[in-house]
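Have a look at these structures, which come just after this line.
Each of the two complexes below includes subunit A, the first together with subunit B, the second together with subunit C.
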Partner chain A sequence: MLGFIVRRVLATIPVMAIVALFVFSLLYIAPGDPAVVIAGDQASLEDIERIRTGLGLDRPFVVRFGEWVLQVLRGDLGKSMFTGLPVTELIGQRVEPTLSLMVVTLILAVTVAVPIGVIAAWRAGGWLDRGFMALAVAGFSVPVFVVGYLLAYVFALQLDWLPVQGYTPIARGLWPWLENLILPSIALGFVYIALIARITRATMLEVLSQDYIRTARAKGMSERAILFLHALKNAAVPIVTVIGIGVALLIGGAVVTESVFAIPGLGRLTIDAIVRRDYPVIQGIVLMFSFVYVLVNLLVDLIYTTLDPRIRY
Partner chain B sequence: MHRRTVIKGLSAAGVLAATGKLAAPAVAQGAKVLKFVPQANLANFDPIWGTQYVVRNASQLVWDTLYGMDSKLQAKRQMAESEEVSADGLTWTFKLRDGLKFHDGEPVRAKDCVASIARWSNRDAMGLMLKAIQQELVAVDDRTIKWVLSKPYPKMLLALGKVGTPCCFIMPERIAKTDPFKQIEEYVGSGPMKFVRADWKPGALAAFEKFADYKPRGEQADWWAGGKAVSFDRIEWVIMPDPATASAALQNGEIDWWETPLTDLVPVLKRNRNIKVDIADPLGNIGSFRLNHMHPPFNNPKARKAVQAALSQEDYMRAVVGSDDKLWKTIPGFITPGTPLYTEEGGDPLKGKRDYDLAKKLLQEAGYSGQPVTCLVAQDQGPLKAMGEITADLLKKIGMTVDFVATDWGTVGQRRASKNPPGQGGWGMFHTWHAGADCASPVGYIALRTNGDKAWFGWPDNAEIEKDISAWYDAKTLDEEKAIISRVNKMSMEHVTYIPTGFYFGYQAWRSNLDGVSNGPLPWFWGPKKA
Partner chain C sequence: MNGHTPGAAPAAFAIAPDLPDILPPVRKRGGVRGFVWRHPTLSIGLALLGSMVLVAILAPLLGTVDPTALAPAKRTREPSLEFWFGSDAYGRDIYSRVLYGARISLAVGFSVAILGSLLGLTIGLVSGYVRRLDGIVMRVMDGVMSVPPILLAIALMALTRASVENVIMAITIAEFPRVARLVRGVVLTLREQPFVDAAITSGTSTPRIIWAHILPNTVAPLSVQATYICGSAMIIESILSFIGAGTPPIIPSWGNIMADGRTLWQVKPYIIFFPAAFLSITVLAVNLLGDGLRDALDPRMAKRL
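Up next is the complex of A and B:
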């Protein structure tokens, strides 16, 4: 097992290298110029050129890429071209809100979606199943920002139960932290709940038709025990896979959700950096997200072994 | 009491029981905090290196200026206590007010002003003019600056007090010695508020705390002039990229003041009795149809005049601001309406019924043969997207072929700098807008310049206009200035330097418990008080 983990961690190195080269090349050929944005609308061509030179953007691709790679190897992601702040500091400022949003969404989604999927499979074809699946279709169909605006309108503006926007660090207390995350997590989790519920239902339907389930029923085991002890455990591997894949979905959704609820997270940092062509920040974030995604996949693989003892690496 | 306050109170008790600790307050208890949503993200904080308006607006809190412009567009003393100009107009002597301090406790000295002026004059159009005629700029003593020129410069005080970017902000000498094309790394000023570097989260929050040692002038504040007495202990700039979120946050009382509400959302805000809405900047904005004078078809004056003959400012303005007629007016000229130099001299081509037949005739005379006009249209800027759509329709109506490049502002910014022909990465036209404050006179109005290769994007070339603009800087009386600007307006209309697409205002909105919000080219923080 340890050997597997070490091999997988080492395998991230070429993956990260390819991501780094790809992102750097993409940004190099993409239109747009940070010097133009910095100089402002009134700047002359000479001003823009001098700012570009000051930022080192006039140097050849190979030189810039080489310097950046050496920096990254030293653990330095460089400085933002706009703020002058280290990219690691900018990312560090934004990690907590995004992580909080993702964790709360993940907990909410799994807590709601798995029971829905199990019950829908248990009552397959019934009104409960149809109702849940109709909701799941809605979850897939309605964009995150629409759900976000609706939630903010009802629960913040009309009922005044929760704030419209913002983020409070957890260090300032559990409730202030949570009250800013409830609406964004529901908005972001809507599609995720739909995805997990549908996969859970499909997998459970297959498991519930197995002989050992019929045997358990014949032995007089309660439905709850059959569903949650026997069936769900055997259906868990695909569900965990979907949860893992869904982390990428969450990262994408967080970009929109953070904008709608003005959460100062990594999603908004990404958008801001792209709009301004802040190359070091974009490169740093993409590199970090790639690393996180590789780690999540590793974690999913490890969870497989605990859910299904037959799986060995 | 808000329901959320009750819920918060009840839940806080539960949380306290659960966590066993009190939530750490963000700011001191009882502190007066203003939460302000600015027009854009404060992505950098060097007003000389980065000249975006949002940077200037934040900088006015932290850095002071020697002079400040009032609502009559006159430069008034701010850090300066007095000024003297020699009889030949060549030597200026400025004396600083006594007791001025930087946020690090150091006194403001003349040498700080000299270094700050030197850095500014490398980036600003008026600064460059001054630098070109500068013989000597020195600190005579701690409070006296002497500036010797080779030629009189009557607009000196205007240069030092103008609101157009970059402004001549005064920084400590060690900071002001930074290369003007490199960003400063320390944010120490002598303005009414200190920048809280530790709380700065670009894209999310910028915070300013009251500077206890700031000495406001005794006069009543009037725009950038007079006593800048801020009544808040802390001002938080909360960055909200989504207008709907900002609107909801203002309605919910989570923010106090929103600088640029989306026009579409204004009716909702006006219906809320806890919110006040008013015109933000009485100097408004001038929409611009910027043509490329370097390449066909707009290198031919007749082709430029063809578009001018058919362009309806009403169409553009309705697309930009909607049906609110209080927000726009037509402008048959280049100077900001309502300002002393405003003129309509030569503005006939933009008045009256639009003439498509004349436009087609002019295009024919220009030898236009259907080559595509590359229109760079930024889709991420509401007014520019709206103007771009009207333009595409207009050009088609007069028989032009449109190459509509729908892109983002960053790409427009890069591509408009290209002098290549349109088919090789260049362009034919793009839209932008100019702040009315920048268009009240030639100061900072680079879009009006016609110095060819050195002119702003589009590179219009007309020596006569340039000659008159230079003459304006030497003018000594308002009447003289007005006569010159009338000529400039007429010639610019004739030359079609660019085509104004109309004059329009924007709103600002604030909670009704915030008194004293006034209008101006930038948000003034020394008027408002929170009840």
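Up next is the complex of A and C:
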């Protein structure tokens, strides 16, 4: 078991190395010479050359990549070209709204999608199943910001049940915080729910055709116990896998959702950075999100062994 | 042993049960109607997508005006006889913009689907067939796939000039590793199949095995995957344009029209509504097509998903 954990953690290192190389190349090939930017308009060619040597920009790619990796490992993602603030500080300021949005969405999606998938599989072929699966296809087809505007228009503008836009930090109370996150979470969770519900249904269908389910029915177990105790437990591994993979959807969707609901999170930071072509910030955000994504999927792999003791490594 | 005529013949010589004179005919419909009957999802998807392609091609003939023509005096008009879908903050006709926008969305969707499939197919074939390269190639694919696709496309777009070609490139790079993964998986299972062993034993050359035995078997999963990529590419394109990292603002793509309506959406929701509806219907059409293809090509999957 411990051996497996160690091996699995070590296996993420090459993947992270490739991500790092990729992200570094992004900045390396980015248009615009930082030395020229720093030197300003009045600088002579010699000045620019001096600054370039001073910054170490004249050294080979491999050397600079190595130094950058060491720097990142120390927790330094460089400075914003626009504000001059450290990228880690900028990310730190914006992390709460995005994290809140993603966590609320994750909880919402799993609590809604898994029962939907279980019921759809239980009533496979029936109208409930058809209805849910039609909704799932819609979930894959309607972009997150369209759902967002639709929800905001109906529930905030027309019905006035929830705030239209904005974000309230959790420090100002649980309800004000949650109130602002309900619509964005539903919008962001729509695709995610569709994805999880579909996989849950597919896996449950497979499990429900097994002999031990027939045995459970034969011995008179209640349907609910069969579905949620026996079947769901055996269907857990693919479901957890897709929850982990789907986090990529959450990360990408969060950028857009924040823009629709005017949430001052990492998405806003990303969009501002794109408009200003602030490459160190873009690089930092991509690196951080990729790291989170790899970490989540590492966690998922480690959870397998507890969910399914048959899995031995 | 339950003979129809007890006592008439020994059980061992049981006569076959009498069949009715006329068997109920197997209902086999031919032509278009039969196709629609057998593949309803596929047909709906095809019909919707087909009409959207027609709209895109025939956009100039469908009562549109120049989608980029400004009319400052006629800003933000509600939908009316003059402006069927209303006009935007610059007085541009949204109906014309949405119809011309179909061209951009479909072009991006189809291009990414084709380019991504070809790239993924090549890499997947090489990786699945050349064992020495497999480890390295798949680690690189894992690395690219570790960056969430939308974020990767955003980052790539930040590096280049805004143009339709660059949007296609960026989304292709974000999407092709999934195809490579899929093809490699198919190749690895196919390699163990007896008919491939037979081909190797009878001295068939490796390129010939790939061409004649492996490639045809990747077509089915690949075409299903390509439709999903097409849908996903159209969504990513609209997101990129919506947040200002996609096609240049002057081009009437659905994402750009929605981005133009963003500041006004609380008072003029129709600016966003029409492109959003067209986008959703088009992606829905592509996804239905994909689901229908999957069911038609792999009936076993159809029962499960």
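We adopt the following convention: the second predicted complex is superposed on the first by the 250 of 313 C-alpha atoms of A that agree within 3 Å, B and C clash if a C-alpha of one lies under 4 Å from a C-alpha of the other, contacts with A are read in each partner's own complex, and residues count from 1 in each chain.
Following the convention adopted for this analysis, a residue touches a chain if its C-beta (ideal position, glycine included) is under 8 Å from a C-beta of that chain, and two chains touch if they have at least 3 such contacts.
Owing to the predicted nature of the structure, the values given are computational and were not obtained by experimental measurement.
**Q** Tell me the contact category for A:140 with respect to subunit B and subunit C: first, second, both or neither.
**A** After superposition on chain A, A:140 lies in contact with subunit C alone.
**Q** So in the superposed three-chain picture, is A:153 touching just subunit B, just subunit C, both, or none of them (first/second/both/neither)?
**A** both
**Q** If you stack the two complexes on chain A, which partner ends up touching A:288: first (subunit B), second (subunit C), both, or neither?
**A** A:288 contacts neither subunit B nor subunit C.
**Q** Touch test for A:277: subunit B only (first), subunit C only (second), both, or neither?
**A** Once the two structures are laid over each other on A, A:277 reaches both partners.
**Q** Touch check for A:182: first (subunit B), second (subunit C), both, or neither?
**A** Touch partners of A:182: none, neither subunit B nor subunit C.
**Q** Should A:221 be classified as contacting the first partner (subunit B), the second (subunit C), both, or neither?
**A** A:221: touches no partner chain.
**Q** Name the contact category of A:303: first (subunit B only), second (subunit C only), both, or neither.
**A** neither
**Q** Let me test your reading of the model: by the given contact rule, A:259 touches which partner, first (subunit B), second (subunit C), both or neither?
**A** Once the two structures are laid over each other on A, A:259 reaches both partners.
**Q** Is A:112 in contact with subunit B, with subunit C, with both, or with neither (first, second, both, neither)?
**A** In the superposed model, A:112 contacts neither subunit B nor subunit C.
**Q** Need the overlap of the two footprints on subunit A, from subunit B and from subunit C, as residue ranges.
**A** Residues 31, 149, 153, 157, 164, 259, 271, 275, 277 of subunit A touch both subunit B and subunit C.
**Q** Once bound in the complex, which stretches of subunit B touch subunit A?
**A** Residue positions touching the partner: 2-4, 7-8, 11-12, 14-15, 18-19, 21-26, 41, 43-45, 49-53, 123, 164-165, 179, 181-183, 185, 200-205, 238-242, 244-246, 248-249, 251-252, 254, 380, 407-408, 410-411, 413-415, 417, 432, 438, 444, 446, 454, 456.
**Q** Within their complex, state which residues of subunit A touch subunit B.
**A** My answer: residues 31-33, 36-45, 47-48, 50-51, 53-54, 80, 82-85, 90, 93-94, 149, 152-153, 156-157, 159-166, 171-176, 179, 259-262, 264, 268-269, 271-272, 275-278.
**Q** Write out the stretch or stretches of subunit A touching subunit C in their complex.
**A** Those in contact with subunit C are residues 14-19, 21-23, 26, 29-31, 137-138, 140-146, 149-150, 153, 157, 164, 198, 201-202, 205-206, 248-249, 251-253, 255-256, 259, 270-271, 273-275, 277, 279, 282-283, 285-286, 289-290, 293-294.
**Q** Would you tell me which residues of subunit C are touching subunit A in their complex?
**A** 139-140, 142-144, 146-152, 154-159, 231, 235, 238-239, 242-245, 258, 262, 265-266, 269, 272, 276, 279-280, 283-284, 287-288, 291, 303-305
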